[in-house]
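Residue numbering begins at 1 within each chain, and the chains themselves are lettered A, B and C in the order written.
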Amino acid sequence: MIASFDVIQSGLALGLVVVAFACLFDRHLLRASALFVLFALLMSVSWWYLSAPWLALTELVLGMVLTGGSFFYALRAFPSAAMAAPHVDGSQHVLSHRLTRGLLALAWCAMIGVAIHYVMPEMAYSFAGHPLILASIVIAATAMGAFALHRHLLRRLLAFNILGSGVFILLAGMAGTVSGAQALISVGLTIAWLGTLLGVMLIRHLVILEGVSALEDENDAAGQAQ
Amino acid sequence: MNAAWLPLTTLATSLLAAAVIFLLPEEARRLRTSINLLAAVSKIILVALMVVRVSQGYEDTFSFQIVGGVEFVLRADALGVMFAGLSSLLWLCTTIYAIGYLEGAANRKRFFGFFSLCVASTLGIALAGNLFTFLIFYEMLTLSTYPLVVHSGTAKALAAGRVYLRYTLTAGVVLLLGVVLLYSLTNDYSFASEEGLSPYLNDHRGLLTLIFVLLVGGLAVKAAMVPLHGWLPRAMVAPAPVSALLHAVAVVKAGAFGILRVIYDLYGIELSVQLGVTTWLAVAASITIIYGSLRAIAQQELKPRLAFSTISQVSYVVLGVSLFGPFGTIGALAHLLHQGFMKVTLFFCAGNYAEELGIHRIDEMDGAGKRMPLTSLAFTVGALGMIGLPPIAGFITKWYLGVGAIQAEMYWVVAVLVASSTLNAVYFLPIVHRLWFREGPAHGKGAWPKEQRLGRLETHGWLLWPAVFTALVSIGAGLLAGLPFSPLDWATRVAVGEYLP
Amino acid sequence: MIERFGLHESTFDPLWYTHWALAATLVLPILAGLLGARCAPRRLFPVALACLPILLAGALLVFDYQQAGLLRWQWQVAGVEISLRFNGLSGLMLMITQWVGAAAALYTPGHLRITHPGKRARWLWPLMGVLISSLSLIWLAADLLTLYAALELMGLAAVGMLLLSGKPAALKAGIRYLLLALVGSLAYLLGVALLLGYWGALGLQALAEVVEPGPVTWVAAALIGAGLALKAALFPLHGWLTPVHENAWTPVSALHAALVIKASLFILLMLWSILLPGTLLAPRFVAWLGMLAIVWGGLIAWRADSLKTLVASSTVGQLGYLMVAFPLLLGPSITPLAEALAWEGFWLHLMGHSLAKAAMFMAAGNLIIATGESSLRGLSGTSRRLPLSLLIFGIAAVTLMGLPPSAGFTAKWLLLQALVISQQWVAVAALLAGTLLTAAYVFRVFRYSFDETAPRHQYQPLAPGMDIIALCLALAAFALGLLAHLPLALIQGGGV
C-alpha cells in the first residue's frame, strides 16, 4: 500500500518537475503559458493528494484558471508573429550583473538547503521518501535561477509563478497542511495571481506602447551604455 | 517672579517678522519696511525691558522639554542680554541701512526674510540657556545666512556661498559631536549651573579636554580664527549690510560669544585654566590677531581689508577671555560690544562709498572726505577706534586687555597688543590720510569710478544716518564709559557676576 | 524588547467604540478610495471631508490606548487565529500614516487638475485607499499571516500606484519593482514556513515565547530579512528605488517613500527582535551596510542630475541612519540607557523622515510642474519666481540634513548619544558624515536656484493648496523635532 502511495507521489513529483522545466525553458511563449496551466493542474492534484481539498480548489481557480488565463490575456496583445516565434534573449547581461544574480540565486538555494536540513532532518537519510518535497526543492532552485537569468518579462513572470508554487509545496512539506499553512498558501496564491495580473496588464501596456522588443529588461542594457 | 514670556517674545518678534515678510508679496515695499522697523524697534524695547529685569536681579527663563533629558531653554542672563542688546540695536541700524541700500534691487523679500531669520538666530544664541539650545540657533544662523551671502546670484557669490557652507557646516558637525559627548557625560547641562564641570575633572580629564577642543574648534570657525578663517574674506561678495551684519553682529560674534559661553558658563574659568587650555587659546588668538592684521595690510580693496581686520579684532575677545582675570574678562566682554559698533560703522561707510561713488579700491578714495564729509567722519571715528585711540570705545578695551595681561603676568600679550595696534594704524591711517589730505576727484582731479547722486545729502539718508549713529555710539561708549548701562558698565557687571558669584 | 512592540497580554478589553474605531481605521480608507474612483473629486473640500473620519478614528484609537493601555483583538477564522494589537508604537505609526496619507490625498486633486493624466487617474483613489488600509493593518497585525497578507496587499497597491503615470520608463521600472517585491515576499514566506514548521506558531506573541536561538531561527531570520530588505530598499538592495520614483506621480512618490518602505523596515525590526534578541552578528552586519548606505546614498544623490532622482536617492542614505541603530536595538550587552535612546531616535527619525520626504517630493513635484523641467539645471532662477516651493524644499531638507530645529536633528541627537554611550565611533563618524553629504547635495539644488543669470521661463501656476500642504508637512517635521517628547511618550509606555 505504502509503495503504491509512493508511486503516485513520485509520479506527481516527476510530472511537476518535468512540466516546470519545460515551462521555464521553453522559448515559445504560447507553449510555455500552456505548460504553466498544466503545471497548475498538477499542483492542484498534488494538493488534493496531500489531503488539502480546499487548497486544491483554490489552486484550480486562482492558479490554473485566473493566473493561467492572465498569461493568455497578455499574449493576446502580442502581434501574432511574435507570439509564435521562439524568443531568444538578444542582448547579453553585463558580467557583473550575471554574477550577482547567479550568486543571489545560489544563496537562495543554499538557504533552502539549510532550512531543509534543520527542519526535516530525516530528508537527509531518505531523499526518495519525500518525492514531492524533493521536487519542490528542484523546482524552487531552478525557477530562481531562471528568474535571475531570464530577460523577457513574461518569462520572468512565469518563472516567478513556478518559484511560488515550489515554495508553497516546500511550505506544506515543512509545516504540514495545518490550517495556518493552508491559509498562508491561499494568501500566497491570491497574491501571486494579483501580482501576475498586474504584471500582465503592464506587459500589455508596454507592448502596445513600445512593441515587443520593450519586454527585454532594458535596465541592464542601459547600465552597460553608461 | 519669572517672566517667561519676555525672552520668548523677544525671540518671536524677529521670527514673526520673518514669517510675515515671507508671506507678503514682493511688491509690498512699504508694508515690509514698516514691519521691519516695527519689529526692530519693539525688539529694542523688549531687550531694554530685559536689561532692566536683569539689573533688578531676575533671570527670566522660558523652557520646555524636547526629549527626555534635553530641554529647550531661553534665559535672559547678564551676558546673554548684553549680546542681545548689541544685536537688536545693530539690527535696527542695519535694517535701516539695508532698506536704503537695496532700494530698487531684486529679491528684497527673500533678503529681508532671511535677514530677520538671521537676527532671530543671533538673538536665540544670545538667550540660549543651555548648549542644546545654543546649538539649535547656531545652526539656524548658518542656514539663514547662506541665502544672504549668495544674494546677488553671481558665480562668485555662489562660490563664496559654497565655501561658507563648507566651513560652517563642518564646524557645526564638529560642534555637534562635542555637545553630544558632553551630554552623554553630564546629561542636560545648563549655562546657569554654578559648579561648572569640575566634578568630572578627576575621572575624565582627557575627555573634557577633547570636548573643549571640539566645542571651541567648532565655534572658532565662525569666530574666524586662523586657520579656520578662509570663508570670511570670500563672503565679502555679499551686499554691504550683510557684510556689516556678518562681521559686526551675527556670525563672527556668534562664534566669539559661543567661546565665551563655553569658557565662562560651561567649563568655568578655573577649570579651563586647570585643563591648561586657556594658554593655547591665548596663543591661537594672538596668532590670529597678528596674522589678520598683516593680511589686512596686504589688501588693496576696502572690504577685504575690513574683513581681515575683523579676523584680527574678534580674536581680542578670545584673547581677553583666556587671560584669566577680571580685567581681561571685562575687556573681552566690552570689546564684543565696542568692536560691533565700530566695525558696523566701517562697513556702512564702505557701502556708502561703493554705492555713491563706486569706490571699491583703497587707492580710489583720495579726497573722498570733501565729497562725503559725514561718511568720512564716521569712517575716521571707526578707524581710530579700531586702532585704539581715546576717547573712542576701542581704547577702553585695549586698555583693559593690557591691564588684564599684566595682572595675569602674561607680558607677551602686551607685546601682541602693542604690535597689533601698530599694525592697525598701518592699515587704517593711510585710508584716513587719503580721505582727508589727498586731492582727488572732489578737488577736480580725475573722476569717481561710478558716481550716483542718491540723495539731497552726500548720499541717501537711509544710508548715511545709520553710519553716523553708530559712529556716535562708538564715541559715546568711550566717553561715557563710566555711566551705568554703558557697555563697559554692563561688561563689568557680567564679569563681577562671574568672579563673585 | 518584544514588550515594546506590544506583544504581551493586555489589562483591559477594548471598549465598544474602540471596535468601531478599529473597523473605521481599516475599512474607511478603502471605502473612501472607492468613492473617489466613483466621483473623481476635483476640489480639496470633498477629499478633506473623506479624510476627516479616518483621522478621527485613528485619534480615537490613540486616545483609547492612553486610557486603557494595550488593546488586543483576536478572531478565529477557519481554524487560523488572526490577532491584532494596538500599542503606542502602532498608534504613532498609524497617525503618521494617516496624516501623511491625508496630505497626499489633499495634494492629489490639484496635481491631477494641472497634469491632466486622463482616465487612469481614477484608479489612484482606490489604490491609495488600499495602501493606507493595508499600512494600518501592518502596524496593528500581531501574527505572521496577517502581516504577510497586509504586506503583500500594500506592495501590490504601491506598484499599481507607481505605474499610473503610464510612461514606458515608469512601466519598465514598475515591473522590475513588482517582480523583485514578489520574489522578496516569497523569501519572507519561506522564512515564515520555517518558523511555522519548526515552532508551530504563527502568532507573534506565541512565537516569541517558544522561539530559541539556533540554526532554524537564523535561517528564517535571514530569509525574512532578505525579503524585507529588498522591499524596504535597504542598501545594497536599493537599485529599483530610484527609477521607480523618477517617473511616478508626485503624491504617489511621496506616499511610497514616506510610508511603504518604512512598513517593511518596521516588520523587519519587529521580527528580528523576536527571532534574534541579543545576537551580535546580524544587526552589526546591517549597521555596517547602513554606514555604507549613508555614504553611498549621499554620493548618488550628489551625482544626480534630476531633481526627483536626487530626492529618491536620498532615501537610501536616510534609511542608512535607521540601519545603523540596529545593533543598539537588537544587540547584546547594550546599556538600557543607550537602548532607550536608540529606540526613541529610531522611531523619531523614521517619522521625521516620512514627513520631510513627503514634503520634499511634493515641493520637488511643484518645482517640476512649475518649471516644466525635471533637471537640476532647470531650476535656475527659481528662487525669484518660486520662492515658496523652494523654501519648502529647504525646510524639508533641513530635516533630512539633521540640522536643528527639526525631527531629523533631534533623532540624530538621540542616535548619536546612544552610539557615543555604546562607543561605536565608526557609526558616529558615519552619522556626522551623512549630515555633510546631505548638505552637499541639498545645497547643489539651491546653488542652481540662486543662479540669477538664467533665462526666464514661462512658469506654470500651481493649484491652490499644493504648496500649503507641502509646507504643513515640512513644518510638522520641525514641530516634531521641537516637541519630540510628546510622541515619544507614547512609545515609552509600552512596557520595558
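In this section, a residue touches a chain if its C-beta (ideal position, glycine included) is under 8 Å from a C-beta of that chain, and two chains touch if they have at least 3 such contacts.
All of these numbers come straight from a predicted model, not from anything done at the bench.
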Could you tell me which shape the graph of touching chains takes: line, ring, star, complete or other? line
Hey, which chain ends up farthest from chain C, C-alpha centres compared? B
Have a look at A-C versus B-C and report the one with more C-beta pairs in contact. A-C
Intercentroid distance (Cα basis), chain B paired with chain A, Å: 71
Chain B-chain C separation of Cα centroids, rounded to whole Å: 43
Give, as an integer number of Å, the spacing between the C-alpha centres of chain C and chain A. 31
Among chain C residues, those touching two or more other chains are none
The answer for chain C against chain B in the complex is residues 344, 348, 383-384, 387-388, 391, 394, 398, 403-405, 409-410, 413-414, 416-417, 420-421, 428, 432, 435-436, 439, 443, 446-447, 450-453, 481-485, 488, 492
Per the touch rule, the chain A residues reaching chain C in their complex are 108, 111-112, 114-115, 118-120, 147, 153, 156-157, 160, 163-164, 167, 170-171, 174-176, 178-181, 183-184, 187-188, 191-192, 194-195, 198-199, 202-203, 205-206, 209-210, 214, 217-219
With touch defined as at the start, can you tell me which chain C residues reach chain A in the complex? 77-80, 144-145, 148-149, 152-153, 156, 159-160, 163, 166, 168, 171-176, 178-179, 181-183, 185-187, 189-190, 192-194, 196-198, 200, 202, 214-216, 219-220, 222-223, 243
In the complex, chain B touches chain C at residues 22, 64-68, 70, 72, 106-107, 109-110, 132, 135-137, 139-140, 142-143, 146-147, 150, 152-155, 157-158, 161-162, 165, 169-170, 172-173, 176-177, 180-181, 183-184
